[in-house]
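Starting off with a structure, shown below.
The letters A, B, C and D name the chains in turn, as written, and every chain counts its residues from 1.
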């Protein structure tokens, strides 16, 4: 295999001898150079996509551990979880659910725009997605502030000064789950937003078009997974049966 | 294999022609919008159902609705329906293996009293602040951790 | 039957002085920022062997301490830290990354005929994650060590004043390093096989590493979240695993073993792969029952997720869970037995060259037989209750981890050493070292079986008088073992001086890595390899046939 | 000659001193001989093959290149499968028998804490220790079913009786139990029990004894576990060995807690008043020692500022025993 064109980015002499395939781009876009060890753009696409799905599988199991613990203690202290769930504001939770669902929708639209080389539309859709993520975090902030004001904070500082959890065993456990799960999820939202901003930066330079939209697609998958986890967190924490 | 032929093979375009539209599946706006609206409706359903007390069935309903929503997101937003078999297998197997964690730990928990009821009974335990041997140095540990 | 002509034909193709991956670029940066899987493999090799030597030194200290019933060197507090660090270093920093990350990184892409792994940057990131984990573990040692045992059982790990947080974060990082390595290998195996290299033409090492990688991807995240929760537990006391706050320590054990039982197979599966390669090459014979061996790797990977509760037979889990776990545990033994029989059948009627790698493979077969068979005792419920947490368990898992996995690792190192560096070591010293290791190993751990079934509990800083002779025999064995490893390090380092150059195909192997010069060039092959024959077809080495 | 074994034991197993032993040992030896058979088979075939088909010339090809044999492979899959299923059923039945205690058990209680046992015999109000060594002791009548209910006060511990082949983790916050019956031929013998779940510094010191006695001796008054040394100093030494020695030495070296050597009567001893409290000076007298046992965190020795010792209530150390401890401390000059 050979290509006449010079590829950029010599990683410590690694790419020095071989250059990748170039995927021709429409005017206004930067053509993508396939990594040197792949024969075709499609091979690179499918390999990276497989890698992303495998990574999502690890995310599923990572959160799965938390969910398993949740169900376990829901079984041990059903009353605690029920009373704890009533302390959360399900309206805010539902609002956040809708925000995230909408952001997933705009993300999917953004990927679609990338596939069709519609640069402006893609940037717009990704921008809306980031704003939704921001909205989610803002709502989360108000929720957290309300919990803090009632002393419903993680265990060591759990004070429950309004005694809303009096009368149930280990009232702090529900809130420990609430804080741990939402905090780890919130961290994922934040990381997702940063990733989308990073993609938008590349998008502004015209790096993504019909022939190469892999980063948009992968970040999209990540964002959808964050949404997916929230889809389960919402009923488990806010609507505890 | 030249760059052009490789590209042509991958994308089915004429060699050297700019790629405007990917050859991968592109979802229509209509289907994405329909999925989004369905998700909204399902959210409303799950909130609505939670206001009614069905006993332990509430949990089952909530989880079923969530599973349907998750399936919709994965199938359409995440394109799994149009993705390769191997990607489908891997992500689904992660749920299968997660199910193992659930099944075994919850089996253990729910059958603890089956043979020896006393083993499921909670025993008294010394109060944290009086009997925690290392309770106090935690602050000390924080200093150098 | 035609005669076999050694590698003359392939050797002729090697141009002397051609640039290879070791000398193509120079300087610290060219290594620290390398994306070449071979260099990353070498860095892992150095790192894991260093961890092994640290862990081994700690093991020697443990054995010397146990020379006397009341303990010879440490007070119990320090002893507890020493055995914990021994376990942590050996498990997380040596055995788990040793074969997949060090040998696998070097060999797997070459065996597949690929220029590199699918995600070279992620590969380098994995290495640095591993290194960060090591740094955090070192910080943990400086800030008071860790004395929880490598299992971190709660609530002790919540209460102990030692630096559990640092160690927990370190292992969290190592865990993600392991995940990313596994992910990389799965993608590489799926997407970068050379033309003609179908799934059933893949060497068994690939099958083994592939199965391992699946385990790494699917099991390790649960360890990650468990350690994260443990860290939260210590930082702000979430109480999930703390009985004083309503948590359940048995749940921690479930979570921990959901990872750590599959982790046992993360350790042993690639070792099995190495042994398949070594035996086949040095007996010049296809691995007997190739498909059975390949599928047994996958079977082990799947079944290993169903058996974690056998670490908890006395822990207070329900009797029904115990029954299920014991039943399933027996099934995981069957694929291992199949492999063992298949290896013996591979040696049978082979052309058995008693080279150093083959000697290690034979040692593996003997020791793994003992390790596997003693596992049956532990899978059996009533016998397990007697043997649980005794030295019997210690001896069993050392037979499997140290005697099998580490031995297979060294078999692999000796097997691929000429390929990695283009030099050969002294076979005489190598064989002496192998003998010392074999004798020393058995002398160390056989007495522990007896002590264990007699009732000697593990993790004891002091012990009853009557077990003294067993402990002393074990200590003597450990010293012999240590001498064996010291000799190995010495002759391997000496070989790097290049006194004896290795041939292109030192052993007469037919997998793709032998199709490349020793040491290989930057992108592994002079021309893209194409596979046209079945796996392990040794007739190809004979140009006259 | 092989090293010494416990009385009545063999190379591989300690004395079979409970009714479970026959079953467990039978299964153990069944697996053992099956394993020996397979091990000899494997190594024998391997050794034979290595010698017979070793490479004599550099260019020697394999004697055969057969790659599989379905009949053989199925055979060596099915035979082990059948064998392990036998082992599974046998082991499961044995374990179930160990878990389900019969109804007519004498019920003992054992509470584990870092790092010692409080063993309560049926009806006893205080834990029993060996008067000389201070080790915790179970007095067990031969021929009776004995059930031990356990709990832990702090971390995971374990209760293991190698001679009886039973073992069970001791969990904080949950009760666990095990049972056994010692045959009458073991009357007069002593066996050890151990803590098998790693619990920290004093893990290897958490062992005690089981004394097998006859029913008549068990019923005798005073009960065997109710005797304790009458001399206060000896009583104090027993209590020290039972409860204190892991953290407090008597040779002057401080460990987790301050050493007891020369402690009694010391004046101007610097202590913290409570955790993180102000520094004060006290004289080590009876009152100070009593307070340090019943409410250790009130005054914390300066040399071990982390404090954290557990309080010892009257149930674990009686007033009489505490007085003994004070007498014992006076002897440690």
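Just so it is clear, contacts are C-beta pairs under 8 Å (C-beta built on N, C-alpha and C of every residue); 3 or more make two chains touch, one makes a residue touch a chain.
On a predicted model such as this, the values are computed, not experimentally measured, just so you know.
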{"item": "Selected interface, A-C versus B-C, where C-beta contact pairs are more numerous", "value": "A-C"}
{"item": "Innermost chain, where centres are averages of C-alpha coordinates", "value": "C"}
{"item": "Centre-to-centre distance between subunit C and subunit B (centres being mean Cα positions), rounded to whole Å", "value": "31"}
{"item": "Approximate Å spacing (C-alpha centroids) for the pair subunit A, subunit C", "value": "34"}
{"item": "Averaged-CA centre spacing for the pair subunit D and subunit A, given as whole angstrom", "value": "49"}
{"item": "Euclidean distance of C-alpha centroids - subunit A vs subunit B, Å", "value": "12"}
{"item": "Subunit D, residues touching no fewer than two other chains", "value": "96, 99, 154, 171-174, 176, 306"}
{"item": "Sequence positions of subunit B contacting 2 or more other chains", "value": "86, 93-94, 97, 101, 105, 109-110, 115-116, 119, 125-126, 132-135, 137, 140"}
{"item": "Residues within subunit C bordering two or more other chains", "value": "159-161, 190, 218-219, 222, 243-245, 248, 250-251, 255, 258, 316, 319"}
{"item": "Touching residues (chain side subunit B, partner subunit D) in the complex", "value": "115-116, 118-126, 130-137, 139-140"}
{"item": "Subunit A residues within the subunit C interface of the complex", "value": "1, 11-14, 16-18, 35-38, 43, 46-48, 50-51, 54-55, 57-66, 68-69, 72-73, 76-77, 154-157, 169-170, 172-173, 176-177, 179-180, 184"}
{"item": "For the subunit D and subunit C complex, residues of the former touching the latter", "value": "3-6, 9, 11-14, 20, 23-24, 27-28, 31-32, 34-35, 38-39, 42-43, 45-46, 49-50, 53-55, 58-69, 72-73, 76-77, 80-81, 84-85, 87-88, 90-99, 154-156, 158, 160, 162-163, 165-169, 171-174, 176, 192, 194-205, 207, 255, 306"}
{"item": "Of all residues in subunit C, those that touch subunit D in their complex", "value": "1-6, 75-77, 80, 147-149, 153, 155-156, 159-161, 243-244, 248-250, 283-292, 313-316, 319, 322-323, 326-327, 330, 333-334, 337-338, 340-342, 344-345, 347-354, 362, 365-366, 369-370, 373-374, 376-377, 379-386, 388-390, 450, 453-455, 457-464, 466, 468-470, 538-539, 542"}
{"item": "Subunit A-touching residues of subunit C, taken from the complex the two chains share", "value": "24-25, 29-30, 33-36, 114-116, 118-122, 179, 183-184, 186-188, 190-192, 217-222, 224-226, 228-229, 232, 236-240, 245-248, 251, 255, 258, 522-523, 528"}
